[in-house]
Each structure stands twice: as C-alpha cells, then as structure tokens.
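Same chain, two partners: subunit A is paired with subunit B first, then with subunit C.
Here is the complex of A and B:
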C-alpha cells in the first residue's frame, strides 16, 4: 500500500517535472510553424539500415511527394541518415521562465526533423506542443483545485463550527450549487465573462470560475468532519481552558480535515484538468497560439482530421495518463482514509 | 404525504435559487451581446440603447428578475437575441432530444449496472468482481471528452454507424419504422458513450451498497438458517440496498447531463448542449439562462422522481416520513 503510493507519487513528480521543464524536453519551439510539413505523421526511428544495425537510432528526412498537382503522402528520403543526438543546440527557450537556454534533450540536425507525435495543420511539432500545452492544462487543474479546496474548507469550517442558522444558510446555498449540472453552470458563467482576453487573464478567469463552482462538495465533506470533531473531548477541554475559535480550528480541527483535503485534491485535479480541456475544446478557454491540451484537441472536431490524422489524439493520451495517475492516488488515499 | 409536499417545496425553492443565481451572474458580467455592435461605427449609440431597452436590459436587476419570473410562470423564458425568436420553444425542441438521449442512456445504464453490481458483490474478490472493479475505476478516471472523441474516431474510421445529427438527410422519404431505425442508429454512439461513463460509476455504488447489506447480522442469520443464495440476494438484500442506490440516481443526473452536453457537442447530436454552447459563444443572455434553467429543471425533476421511488421502495420513509438517507 505504502509502496504503491510511493510509486504513484514518484511517477506524478516525474510527469510534472517533464512538463515544468518542457523547453528542455521538447525538441522544438511549440509555436514554430513549418507550413510545408503540415500533418506530417510521427517520424519513425530506425535502428537498421541496408547494411547493419545501429545502437543509436536515426531518422530519415521526410517530404511530401507530389502526385500531379495534388499533395500526396509523406515519404522518407533514404539517401542520408540523420542520427538522433542528445543535448543538441536548438531554438532558445526560457527554463522555468527565467533561465535562458538553447540546449534540448534530443534532436536531429536539419534538414531532417524529429516529430515524435507528428505535426498539426501548421506543421508545428505535436510532441513539443503536448509538453507545453500540458503546462497550461495541468497548472489550470492545480490552481483551480487550490481555489476550490480553500473556498470549500473555509465555508465548511464556518458552517460546521458555528452551526445554527449560519450552517443552514450555507448548506442551502451549497445544495443550490450541487443541484446544477456543473458543465451547464460553467458554460453559463463563462457566457457572462468576456470572450477574448489576454492568455494570462483567460487562464486566471478560467481557473477561478472552475474552482469557485466546485466548492460545494468539499465544503459539505469538511463540514461533516468539523461537526464530528467539534465535540471531541480535547476540543471541549481546549475551549474550557479559554482557547479562541481561531486557535481551536487551526490546532485541532484543521489537522483532522487535512487527510480529507488531500484525498479531495487528488480527486479534483484530474477533474479540473478535464474541465479546462473541455472548455478550451469548445473554444471558450485558452486560445491559440498558446497551446493547451483542449485547444489542440479542438481541431479534431472536423471528422476528416479525426479520421486521417490519428496522431493528433496525442494530447488525449497525455490527459488519460495524467488522470489515471491522479485517480489511482485518490483511490489509495480514500481507502486509507476509510480504514483509519 | 407530508414527505412529498416537503420534497416539492424544496424543488421549487431550488429552482428559484438557480434563477436568482443566474441573474446575479448577468449583473456581475462585464460584457454583453451588444459589445460587438458598439464597435461597429455604422450603428449609433442611440440604436443600441433603443435595442437594449426593447429587450429590457436597461432596467435594474430586481425589475428584470421580477419580469422574468412573472413571464417564466407563463412558460415564457424571454427572447433570444441571436435567433430572433422566443427562447422557450427553441429550448424545448432541443430539450426533447436531450431527454431522449439521457433517458435511453439512463435506463440501459441501470439495466446493466444493477445485475452487474449484485453479481460482483455476491462473489466478492472473485474474477468478475475484480474485473468489474478494475474496468470501472479505469473508465471513471478517463475524462468523458477523451472517451467521446476516441470512440467517435473509431466509429468514423470503421464506418460502423452514421455520425452527426439525429437522422439521415433523406429520412423524410422513409417509412415510420425505417425512420425509427434511422434515429436509433444515430442515437447508438452518443448513448453508448454515456452508458459507458455512467455504468462505471453506478456499478461501483451498487456493489458497495450490496456489500454493506451483505455484512449485516440479519443476512448472516438468514444464511445460517439455510436460505438459498439467490433468494437471500433478491428478496432480502436488494430491497435494502436499493435505498442508497436510488438516492444515487438523483445525484448521478448532474453528471449525466454534463456528460451529455459533451457527447452532444462531440457527436453532433442536436440536443440542448450545442445550443447552449452557441448561445455562450454569442452571449445570448436569455437563451443561456433558459438553458441552465432547463438543465436544473431536469435535475430537480429527476431528484423528485428518485424521491418518489424511495417512497415505493423504502417502507421506513412511507411510514414515518423520515429522511432515511
């Protein structure tokens, strides 16, 4: 059990590390366009050429073969091999937003390209975009979760601690929020906010809305825990000794709530990442040219793209991996919470 | 009787609360439908002001809300600016399709998950149980959007089912039966996606509540007296386990409606979802509010139905009118 949790946490830390250092792991600038290489399929890594087997993988340069006036399919030019090298110099990027660097983990020399997940309509490298888009999507999920849990625990603690009419009022509003399908509600709130904004403002608006709509369920759970812990003998004793409300909630009640919040966090992060992805997919979230998993997927709304260019599902796969990791962690936390 | 009345009253209060919340949001919103117009030099500010007042948007919030409630009581939900038509018929024509999709999906979901949940719980730790638990926890953790897009890609590539819309273009020429079949074929994919997502949630809850009852002392006693497994399960365990499961039906509606919004948009099913999305993108105020009200109405209505079913199933509520949840 403990080992499982450790493994999951290590994997999650690894995932976030890769996303955080996207500039280093991505071979190209996510916004760099190659119009002549649109919808290029994933570049194949070769180990064997006509003569022998190489330990170091290599790629061939691909180009579109013209069939009359029509664009045909991509074909590899087998005349020259380009070896995949580590720590190559490429486009400059800022690591963590401060450190300027041009070193990338891997790459090939021009004119060959290495597109691990292919390219999109503008010939942008899908792999680099998945990494950079993941920064936005995952950050949105985490920030929204923090907002939700903060709002939820403040309301829950107030309702549970004071009880009486305060409790009844807050839980009434709570039920109101619970009785709305969240996505309809989200769309509704989004409808009343400006549509076109700078990326940064959109991001915070989006996370704020997603986070604030979800406060109801954690608030209800926190309230339950606070209600049961309020009458514990040590809390009553503390009050007898003249402890203030603030001290009691910080010292005795919050620690009890903490396990619950941790489980909720692991549960909410993937859900909120999905919410951001869904909104951006609908064109209501983060806009081009900034990549997010949602707006990358939104090109798939055209059936022709969906059928012909299957590699554009890469952000969906990344989303699934992230969600499954977080959800398994939430499940482990949950069973531990129940058994304790 | 008392219980039914109390539930009805609560449903009413919730609807009032939802509508008030919507209007509060409109008041806090910085933009409006007319923002784009304002940028257009050919339209004078006076024209915009006249338009605003013709839609009643220049009135203070309380007046607007009172007017809207007054009209809504007569089934008039205001006027859509983008469609240039009353909101209520517009919404209703789409809501029927959403209802068709969600009720089909819901019915099949329950038909699958109750037997499956009971089966898994009765063989706890067995092969079926482990398979159900594993599969459902995987499906739950995959976002609905991904499931929808992935399945759509498969269906479009293999050309198994027609995709997009609700009927084929030439469906007018078909006979009644063929028309029905046509709609069913179009319904199959969105319904399947919803069923997949919902079953994974509900089967777990059914399993958990059956397991809980199976651990009760009276079940052990019955077993000790030599009662057969099937009689025990269906005569004594399932009725008791039904209460939490039915309560869940009400709660699961929220997820179902949100899921159906995604599925409708992705699969092109002409339900409420695409309409609300368009309305959101064009800032069509009353259409958005109407759409939220419709979705809230579905949910609260569904919860009410669940409450009524509880009365039928649970004698504790019938006799004492207590909240036995």
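Here is the complex of A and C:
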C-alpha cells in the first residue's frame, strides 16, 4: 500500500514537472514547422549498426523517397549515424515563462531529427507539442477545478450553515445547474462568444465557464457535511463565546470539508482536462498554432488521418495516463477519508 | 431595587416548534434576578428545561425555538438586541460554560488556541499578547505548567483538565455573568469539588456572578447564595441556599431533600434507592393545574384546577404552592 502511494505520488509529481518544464524536455519548438517532413512517423532509436552494438542510441536522418508514381514514404539514410546527445543547444525557450534558455534535455545534430512521437501535417514535432499542449490542458483542468471548488464550497457552506430559505434558494439554483447537460451548455456558451480570441483570454474564458457550471455538485456535497457539523457542540460553544459566523465556518467547519474537497479535486481535474480537450477538439477552445491536447487531436477528425498516422493519437494517450493517475489519487484520498 | 440586578429575567418562555405535533414549552414563564457577584443555583431534574433556560439567557437557541418575555442585562433588553450586538455580548459580558467539554472543545485545535479564540473574538490583541493572556488564564484555572497545556489537544487532557479549559475560555474576557450548565456533570466526586472551588475562587477574585445549573443538590449546597428549584419548565421555589436545604417549602423540594439526605445517611446499606413516585409530566401535554400535583403527597382539590401563583411566605422566599396561600 505504502509503496503504491509512493509510486503514485512520484508519477504525479514527475508528470507535472515534465509539463511545467516542457521547454527543457521538448527537443524542438512546438510551433516550428518542417514542411518537407510532414506526417513523419516516430523516429526509430537504433542501438546496433552493421558493425557493432552501441550503448548510446543513435538515429538516421529520414527523408521522403519517391518510388515511381506512388506516394512517397519515409526512409532512413543509413550512410551516417547521429548519436542522441544529452543537454544539447537548440531553439530558445522560456523556462517557466521567465528564464531564457536554449538547453534541451536531448537532441540530435542536424540534418537528422528526433521525433519521438512523429510529426503532424506541418511537420511539427508531436512530442514537443504533447508537452506544451499538456501545459495548457492540465492547467485548464486545475484552474477550472479551483474555481469550481471555491464557488462550490462558498455556496455549500452558506447554504448548510444558515439553512432555512437561504438553503432552499441556493439548492434550487443548484438543482437547475445539476440538471444542465453541461457539455452542450459549454458548447453553446463557447459558440456564442467570438471564435478567435487570444490564447490567454480563451484559457480564462474556458476555465471560467467550466468552473461556473461545475460548482453545483461540490456545493451539494459540502452542504451535507456542513449541515452535520454546524450543530456540533464546539460550533455551538464558539457561538456562545461570540465568534462570528465567518470565523466559525472558516475555523471549525471548513477543516471538516477539506478532505471532501481534496477528493473532489482529484476527481474533477481529469474531468475538466477532458472538457478542455473536448472543446478544443471541436475548435471552440485554444486556437492554433498554440498546442493543446484537444486541438492536436482535432486533425484526427479526418478518418484518413486517423488510420494512416496512428502516432497522432499521442495526446489521447497522455490524457488517459493523466486521468488514470488522478483517479488513483482520488481513490487514495477516498479510502483515507473513509478509514479516518 | 431593579437597578441593583445584573440580570433580570421576567416571564421568560421558550417554545420548541417541531414540524409535526404539539409545540413543546420547555421553559414557561420564568422570572429570576441575579445580582452582581451573586451565585444562583438552578436545581432540577433532567428535562425540566434547565439547559434551555441557559441557552435562552444568551439568546442561543436552536432554530425552531421561540422565546418570549424579557431579559434585562445591565439595562439592555436582550430580547430586542440585534444579532451583531448579541454576539459582542456573548463571551464578553455573559459567558457560557457548556455541558460537556469533551464535545465543546474542537478535537483538532490545541487548548491554547481554543482559549485564544475567545479573546480574538472580542479584544484587539496581538498574537503575542493573546498568547500571554492565555497562559495567565491557564495559571488562573489551576494549571501548574501552562506551556504544556497550551499546546495540548483536548483528547490529551483529562476530563477535569478539559473542564478547566472550558472555564478559562469562559473567563477569558472577564464576563459579568457566567452561566455554568452542569459544569460537574461528567466528573467524579473529587474533581467536582475542585471545579466548584475554582468557580468560587473566580467569584471572589473577579466578582463574577454565576448562574450554576445542576441536578445534584449536593453541588449547589455549599456553593450557591440562592437556589431556584425548577420543575417541568417552571420555577417552583426560590430561597437562599440555607433556607432551601434547611427548610424546604414546596412539596417537590421537600421530596428532593428527603432523597438527598437519605442517600447520605443510608450510605452502605442502600437496599433500594429512594425516589419520588410517578414521573414528571410530558412537556407536550401539560395540564391546567400544578405540575407536581399528580406526584404530590399533599395535594388539595385546588391543585388540579389552576397553577398556583407565587406566594411570599417569608421575605426573600418565593414558592408556587397553595399550601402557602389561599
């Protein structure tokens, strides 16, 4: 059990660390195009050449080779080996948005390229785009979750603490929001707004809309907990000492809600990442050329692309991995909560 | 005369309105005065409305409870006071020692912080000053090593220690009136007397008036100046402590005292516990007459017809029984 928890935490921290430092881990600029290398398959890492076995992997430079009238296919030029090197100098990027740097974790010398997940139609490195797109998608999920849980717990605490008509009113509105088919509502709201907005504005619009629709369920859960804890003797005693309602709810009631909020957060983050991906997939989220998992997947709307260039499903795999990690975390929180 | 009173409760009634069924009148037309520095005991059996009375004095009743009547505290009519002013009063002027400190102290907050909370609610102190005050308070309620207690969680303390913490909380802002709801209810006999001693020491040092609520005559006997005996939501007799114990007037009080004394004298050879025959009336359906009438050994015809008014058989003694009038 303990080992499992450790592994889970290490993996989560690792995932977020890699996404956060995407510029360093990605070998290329996510927007840099290589028109002559469109839809290049993932670059193969070799350990063995004609003569001997190498400990350090190397790659061959690939190029499109035309065979008669047929469509061209990528072939490796075996004439020269390019070793994969660590801490190479490449395109400049800003680490965490502040620190200018040109060092990348790995890379190969030109003219060879290392495309771990292949390239898309414009020859952009899919691996770099998964990392940079993950920044947007995961951040959207986290920010939307924070908004949701904040709004939800404020409403839930007010409804549960004061009860009476306040409770009835808030819970009435709550039911209205619960009954909304949120995905369609989100599509509707987004479609209503101008299509081309700056990335930052789209980002906050998206997370804001997701958060404002999502508050209903956590609010209901929080209300339930508050309802049972507001009549605890120590809350009543606190009132007897003249503590304000705000103080009592922050100091004596919020801590009881905290475990619940933590579990909810772990459940909501992957859900909201999926929401962002869905919107961007439909072209209503983050716009090109900025990468997000959703708009990267949107090229797969064409069936021919989906069957021919399977490596473009990489963002979907990243989404699945992230979701599984968060769900395991939620499971962990939940079992802790139950046992305590 | 009225100006001398710290708090003057007049004709106070509290009714609990359940969603279904009859509204229950837990406290019914109680009048009581407490002078500054006076200790008044409320004696009554479980369910007679003692705790409801305590809550009503601080205007702290569960939702659905309605109170009527007047509570005049230092010239302020509490019944008309807005919630914000009541809050400023609670803990600062009137403080409650809750029934069970094991429940009334938040288990995840340390004792020092819990006491500091009360100061924080009323006084503009810096964190360091507050800490200092809390330590003084801890010494005052009889802890030798306040440092240790300051950072202890309630579950690490014994029942008696927790009760002291609750008293320190109540005394934090030096209130004029302390309402102690069964402060010794969960303690054994030796601890009971320690807590009672502590309370009388507090009265001596700070001149705090105390309203102490108990079901145990022995607790109130040596401690209170005056005692009000409650039965089924009403006060049936008020008198000085010595008078109530020495010469009870109301048949209910007399029965109580007989039980209390027989418990003491026959200790060791208790073949059966003495008791008052019958049960106290269901607060949901109370008859017209005297509430103790069905169990009273001295009942008269008039007793079942109407409730006896208050008689003053002797100066400073009040009793609601037809034996003393008409």
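Structure notes:
Keep in mind that, in the parts below, the second predicted complex is superposed on the first by the 332 of 340 C-alpha atoms of A that agree within 3 Å, B and C clash if a C-alpha of one lies under 4 Å from a C-alpha of the other, contacts with A are read in each partner's own complex, and residues count from 1 in each chain.
Criterion: a contact is a pair of C-beta atoms (placed from the backbone, for glycine too) under 8 Å apart; a residue touches a chain by one contact, two chains touch by 3 or more.
Please read all numbers here as calculations on a predicted model, not as lab measurements.
In this overlay on subunit A, subunit B fits alongside subunit C without clashing.
Within the superposed three-chain model, A:247 lies in touch with subunit C and out of touch with subunit B [touch as defined at top].
Shared-chain residue A:105: touches no atom of subunit B or subunit C. Of the two partner chains, subunit B is the only one touched by A:327; subunit C is not. Once chain A of one complex is fitted onto chain A of the other, the partner contacts of A:191 are limited to subunit B, with no touch recorded for subunit C. Once chain A of one complex is fitted onto chain A of the other, the partner contacts of A:179 are limited to subunit B, with no touch recorded for subunit C. Within the superposed three-chain model, A:227 lies out of touch with both subunit B and subunit C [touch as defined at top]. In the superposition on chain A, A:163 makes contact with subunit C only, while subunit B stays out of contact range. In the superposed model, more residues of subunit A are touched by B than by the other of subunit B and subunit C.
With both structures placed on the common chain, the touch criterion links A:236 to subunit C but leaves subunit B unconnected.
Within the superposed three-chain model, A:91 lies out of touch with both subunit B and subunit C [touch as defined at top].
The superposed model places subunit B and subunit C at 80 degrees from each other around the C-alpha centre of subunit A, with the value given to the nearest 10. Taken over all C-alpha pairs, subunit B and subunit C come no nearer than 15 Å in the superposed arrangement.
Across the two superposed structures, the residue set of subunit A contacted by subunit B and also by subunit C is empty. Of all residues in subunit B, only 14, 17-18, 21-22, 25-26, 28-31, 137-138, 140-146, 149-150, 152-153, 156-157, 163-164, 253-255, 257-258, 261-262, 265-266, 276-277, 279-281, 283-285, 288-289, 291-292, 295-296, 299-300, 303 touch subunit A in the complex they form. Across the interface of their complex, subunit A is touched by residues 58, 60, 62-63, 87-92, 95-96, 98-100, 103-106, 108-109, 117-118, 120-122, 166, 169-170, 172 of subunit C. For subunit A in complex with subunit C, the residues that touch the partner chain are 163-164, 231-234, 236-244, 247, 251-252, 255. If you check the complex, the residues on subunit A that touch subunit B are 172-173, 175-176, 178-185, 187-195, 270, 273-274, 277-278, 281-284, 297, 300-301, 303, 306-307, 310, 313, 316, 319-320, 323-324, 326-328, 331.
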